[in-house]
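Here the chain labels run A, B, C and D in written order, and each chain numbers its own residues starting at 1.
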Amino acid sequence: MTELEQLLARAEELYRDLRFQAVTDWKARHGGLAIGFMPVYVPRELLHAMGVLPVGVMGAGDDLEIIRGDAYYQSYICHLPRSTIELGLNGALDSLDGMLFPATCDVIRNLSGMWKLQFPEKYAHYLDVPQDFDALVGGQFYRRELEEIADELHRRGARKLEPAALRRSIEAYNENRSLVEALYTLRIDEPWRVPTHELYLLLRAGNVLSVEEHTAMLREYREAVLADADRRSMDQARVLLAGSFCEQPPLGLLRTLERAGCYIVDDDFVQVHRWITGDVRANGADPLGDLVLAYLEQGIASPIRYIDDQAKGQALVERVERSGAEGVIFCAPSFCDPALLDQPMAVAAIERAGIPWTSFKYAENTGQFQVIREQAGTFADSIKLWSE
Amino acid sequence: MKIDYCVGIDLGSTTTKAVVLDGERHILGRGITNSRSNYDVACKVALGEALINARFSLIDGRLEHEGIDAERRRELLTRFELAFREQQYRSQLAALRASLHQHAERLALGAATTSTLERILGTMEQETTELYRVGASRKSDFFRDLAGSRYVELAEAIAREGSHAFDPLVGLFDKAILETENSTEAVGTFESHARKAMVQAGDPALQRAVTKVLSIELVQRLGVGTGYGRQRLPFPEKLIRSEILCHGLGAHAMFPQTRTVLDIGGQDTKAIQVDPNGIVTSFQMNDRCAAGCGRYLGYIADEMNLGLHELGPMAGKSCRTVRINSTCTVFAGAELRERLSLGEKREDILAGLHRAIILRAMSLLARSGGIEDEFTFTGGVARNTQAVKALRVLVGEHYGERKLNTSPDSIYTGALGASLFAWREVSRQEAESVEVLA
Amino acid sequence: MRSDELRVAGIDVGSSAIKVALLRDRGSEGAELVGQATERLRRRDPLDVVDSTLDAALALAGLRRGDLDYIATTGEGEKVECRTGHFYGMTTHARGGLFLDPAVRAVVDIGALHARAVLMDERARVLGHRMTSQCASGSGQFLENICRYLGVTIDEIGPLSLQSQKPETCSSICAVLAETDVINMVSRGITIPDILKGIHLSMAGRYLKLLTSAGARGPVLITGGLARDEGLRAALVELAGEQKVPVEIRMHEHSPLAGAIGAGLWGAFRVRKLSSRGISLSGSRG
Amino acid sequence: MSEKVNPGAAATAALKDQSQERQKAMIAEHFRKLAEAPERGEKCVYTFVPGNLTELIDSFGLLPVLPEINALQSGMRGKSRDYIALAEKLGHSEDVCTYVKCDIGMLKSGNVGPTGERLPNPDLLLLSYTGCFTFLKWFELLGQEYDAPVTMLHVPYQGDGVVTDSMRTYVVDQLKKKIIPALERISGRAYDEEALKERLERSAQAEEDLVWVLESAKRRPSPIDAYFGGVYYIGPIFTAFRGTQDAVLYYRELRAEVEERIALGKGPVTPDGEIANERYRLVVEGPPNWTSFRKFWQMFAEEGAVVVASTYTKVGGVYDNGFRHDPDRPLETLADYCMGCYTNLNLPTRVQMLERYVREYSADGFLINSVKSCNSFSAGQLMILREVERRTARPGGFIESDLVDPRYFSASNIKNRLESYFQMIEQKRAGGV
């Protein structure tokens, strides 16, 4: 195995590891708390500064058979929460000392209460990120929220939150974010160098590794692919994949899209890595304030944020332009209200801009890709046949 | 002599089951038939079968009375029953033949078709004796399946040699079988078959027993109906009970310690929790989709040209379970073909399909409140050994040690519950009429 | 043979049948269908049937494999060995539909497992589409199952349905459990034509929904195997009228071949496009 | 049934009580005002039922429009199927909340309201983001259709089951800095705290009577049905009338009527007559189905099943836990009201509430109607079912339908389940045998 292959094998192993062994290992080495979080965004810097390992819990993909999870959710609710409950029930999350449920949607919100009922001994907190983006209104509220979380974690054994430590953590995540961004840019320039199913595995690895380890992994990967002479360009259509910001698609789906002739040149996977655009200010006197401000002012346009004035559609069109995508595939989880309610507005903007698009839904455990392959293939065909 | 009985009829989507219960709440007989035919007929046939079965057990009782030992009795009864079934089969085959010819004539299919039909039917008739030989194996107990699969095989062979097109032959069969099934006459009467069969079996003790039993009058006190088709049951509304309650009570009667019941029938799957008195405390049912119930396996069996009996044993040979990705039955059928063509083993795919259906049941069970000790598996699919095995494995993995009850008669659970309700109703009415009299 | 003439084959590997179309393509001067063959799979391995079906079509047209400039597959044909290239189902049905009926701007392809509405422009570029999901209710296979339960052959369906006087309404039913529903209807004394028409109408409802949500209007061609079903077409026409859907449903005798035809034509298109760039395909022609 | 005016048009025929007549008249009057608003230069505020700021809006002389009510009305009047179909045709997913699609469909079909009159366009979209994430998307969508400003009131969720000072401050800050200035801008009037207090005072009065009526169901037999009947009783207080004199009168009258029923020992009125024999007392969680509301009710009434308490009648405000609007803390009380709405409570609190209802109302069992549309309600209901069952040892039932999408109301399925459920209670009562 080449080094690159080894690295990818490690990332895939992390992706498939439904018992979160990496977290247990980290705790054995560092002895801190590990706190799980659901999609989409939590300020991982805060946890990191307190010596806590933030662990992204993004469902269980297609490897887990749902036995008891269905006892918690009706058929018309997305798949993510049922696999998460299943993980909780079968002990896979025992290494976590608590869970954060950010204000992503009603399903995750209600899951926070279910967690309290089901695992009363564990810390479970609903993180109500503000929808008011005024520093003096929503900002103040958010700050109080974060302080409360920090106090609670401290009570439960985490280090006290110190500004200096927080500044260092912000720097660590700034570096991580810029490496993620660099890979996204590289994929835009040379999509054959950074196949999406690989990039995806790397992002997923960031859910369970410490930021330091993850940053090292990203760097190593980048160097390896730049040096790999075997990767060559193919005749594929360039597409932007929109809508997979919460429940994550199965790896097989991404492979299917790539095989059906698509280069994915931008996407919404594991958005916590890219929620804040650019660097968070790391040298101010009030790093907590800086973190709050970054949330208010540097956040991306996402379906789970309130944005009026059609700014969201515009942001998508700009992403298409920036990534040189020839079309957009809306690929959202079934029954995902935020993604699916957003879609008509995004579609309208994309249509106004004359960009081709198509759409389909998935669940994290979808195993049958025939229909998706047909659709994506047709979409790629129509782009390829008509491109000059 | 006269015996009072109550009957419970479970009008299932695939099969209709009847249980005949005497005044002591002992099961006298059980009967089952396809529900394909119309509902009235299905009920009649199931009851008829249950009464035949009742008479068989009465005959057994007579023989015992005469001091004949158990082994000899079993042998005699087997011989008698096979002879009886053979008579029945012949009678139905004759009806089928008449109907086939009628349709061929109406469609003016011509002499070639008539003679082809004769070729097929002639062969089938010849094979009848062999089919009911002691020790011979049969694909099914239902005339439709038994005659149907042989007819199709023969028609296919004829089509292969180029003598006659296949589709019209099958078309004729599909029409004729509907008619044959829907006719109670085609089945014939107990008495006439029994008389012939007892002669055929040729044993004086048996003849005495049969003659004696033929003179017993079986008197129905009340019938209670349940099941998928319960709105259409030929019963007054007061005598209809929800299938959930009947299954709960029936399972309780069979296994008094049971707390969780899983019933996988042809068209629906139910997960039921009952208390120590057999009272249902919670339940879950699936939606109307074949994925996850018996028809799923039936469809797959058809796709593979296998009998339902053969499915479980074949899957049992697997050492590697394939994961089936399609939920929809039809798509699973397509997936099956695709996988076969990719060279995967038939038994492995089948094992995957069985696991898939049990996985769905697991989620219903979870919804109804989990799996308690004891746990009873009923319905037609409980006859499938592989389904039982898959269930055992999954229950063990996720709920730990549970006593799992199954019974060869579990398909009759609902009907048994209904027959118990019938006797309760009789007692209630009697109590009421006593009140009125007083 | 003229020098700019191309000979191409399109192979549609379906879930129930292999369809092959042979075409002579003269670029801007149009193309013509010169041979065809359809072979039902009947549970055989599609890849085994592909070769024999292709050879059967070639034999009928008096051609050999070596004569072909491009062998294009569609449907499940990605794995076919002899292919020059593969195009996806909706791309090919759009092209095939346009070839069969140049007036249409939409096709509704109804096959054994899926149905899809495809919108295209005058150059057969796919503009939009809608597909049925992972439930076979209302598919070709569904109809085939119904036939079995009713004891009629697939070719009888159309004519029988057309005789219906009082179609029985039936809501969406499971392709497998339909058996009981159908038996129910039979036992209630409903005639076979009325049952079939009812089923056709409910299927038509689904397809119309696909068409309207894809935004189709004007002439629409039915392609795929169910295009043979006159009863279904009648139901579509009737329902479209009732619901005031502005579409005109059409059929063509070669509709079931549309995918294969489209694949072949796209093959020719690729050959020309690449050769205009000076690339020649290591195609079949020696 | 020509009066298409209140949320129970289909059932009003049988409910001829005076209070009903009054409610109908109030609603008719409100829609007439709305229809005439553009002409008369009156301004409209679109907003949602949970966390609505009716008193505040009214104190500026503005008229509230509640899209959810329009959607449920469309459901009752059999229009929702077409509206939803239209919205889906326009690209809305089958999977999402049907209230939104119903509203969009109605908008695209000319925005004709329940009384057949055209609804005015909004002058302000006041997004009270309370207890449901979908509201946010809903107004983003409406924001694209109308040329009206949107103002957001983000009501924090009771994630830990309590209202903290931080949360209250956040809401009050938004009221002061965002909502009130926006209302001032469009109404051209200054904030008048006295006017607000007056309205809050009246709200509290009406709330007192409402709670009395709802709690009357603790009696045997219950004089009211607290779910099917309950949706009428909450009408005024959940919608445009809280804080008005009309509402005060309505609830006074309603209370008197219920007192009379109690005196006569009567059971609840249903569209098909009175329930003379109360056989099952149920607590129900989840919204009703509107498209087959009457049929749905019938399935209960026929069996003598009376709903004695429900959570749906708390979506627009929970009052039976002691909360009343308090004129002495005008903005704080509004904040507390918003944060206390049912869907803003976390799951453990919802479980406690149901448990309390089952006990206090001596219910034989409790039933969940899980609607496909609404994640806010539905996500977690299966767990609620088991928790309440465990805590009360009363049998729980579970049925599935939808708010306004008739495709998800399968009468035979629901009837089958209800029948089995009632037989189950019956059998349990009979103690087996």
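The rule is short, and it goes like this: a residue touches a chain if its C-beta (ideal position, glycine included) is under 8 Å from a C-beta of that chain, and two chains touch if they have at least 3 such contacts.
The shown structure was predicted, so the numbers you read here are calculated from the model rather than taken from an experiment.
Pairwise, the chains sharing the most contacting C-beta pairs are A-D. Centre-to-centre separation between chain A and chain C, using Cα means, comes to 40 Å.
With centres set at the average Cα position, the gap from chain C to chain D is 50 Å. As a whole-number value, the distance joining the C-alpha centres of chain A and chain D reads 36 Å. Counting partner chains per residue, chain B has residues 287, 326, 331, 367, 369 touching two or more of them. The set of chain A residues that touch two or more partner chains comprises 71, 368. Those residues of chain C in touch with two or more other chains are numbered 134.
If you draw each protein chain as a dot and join the dots that touch, every dot ends up joined to every other dot. Contact residues on chain C toward chain B in their complex (touch as defined above): 15, 41, 43, 45-47, 113, 134-136, 139, 141-142, 148-153, 156, 173-177, 179-180, 183, 186-187. Residues of chain A that touch chain B in their complex: 65-71, 75, 367-368. Chain contact summary for the complex, chain C toward chain D: residues 212-213.
Residue ranges of chain D in contact with chain C, taken from their complex: 88-89.
Within the complex formed with chain A, the residues of chain D that make contact are 90-93, 95-97, 100, 127, 129, 132-134, 136-141, 143-144, 150, 152, 154, 156-157, 159-160, 166-167, 169-170, 173-174, 177-178, 346-351, 370, 372, 375-376, 378-383, 386-387, 400.
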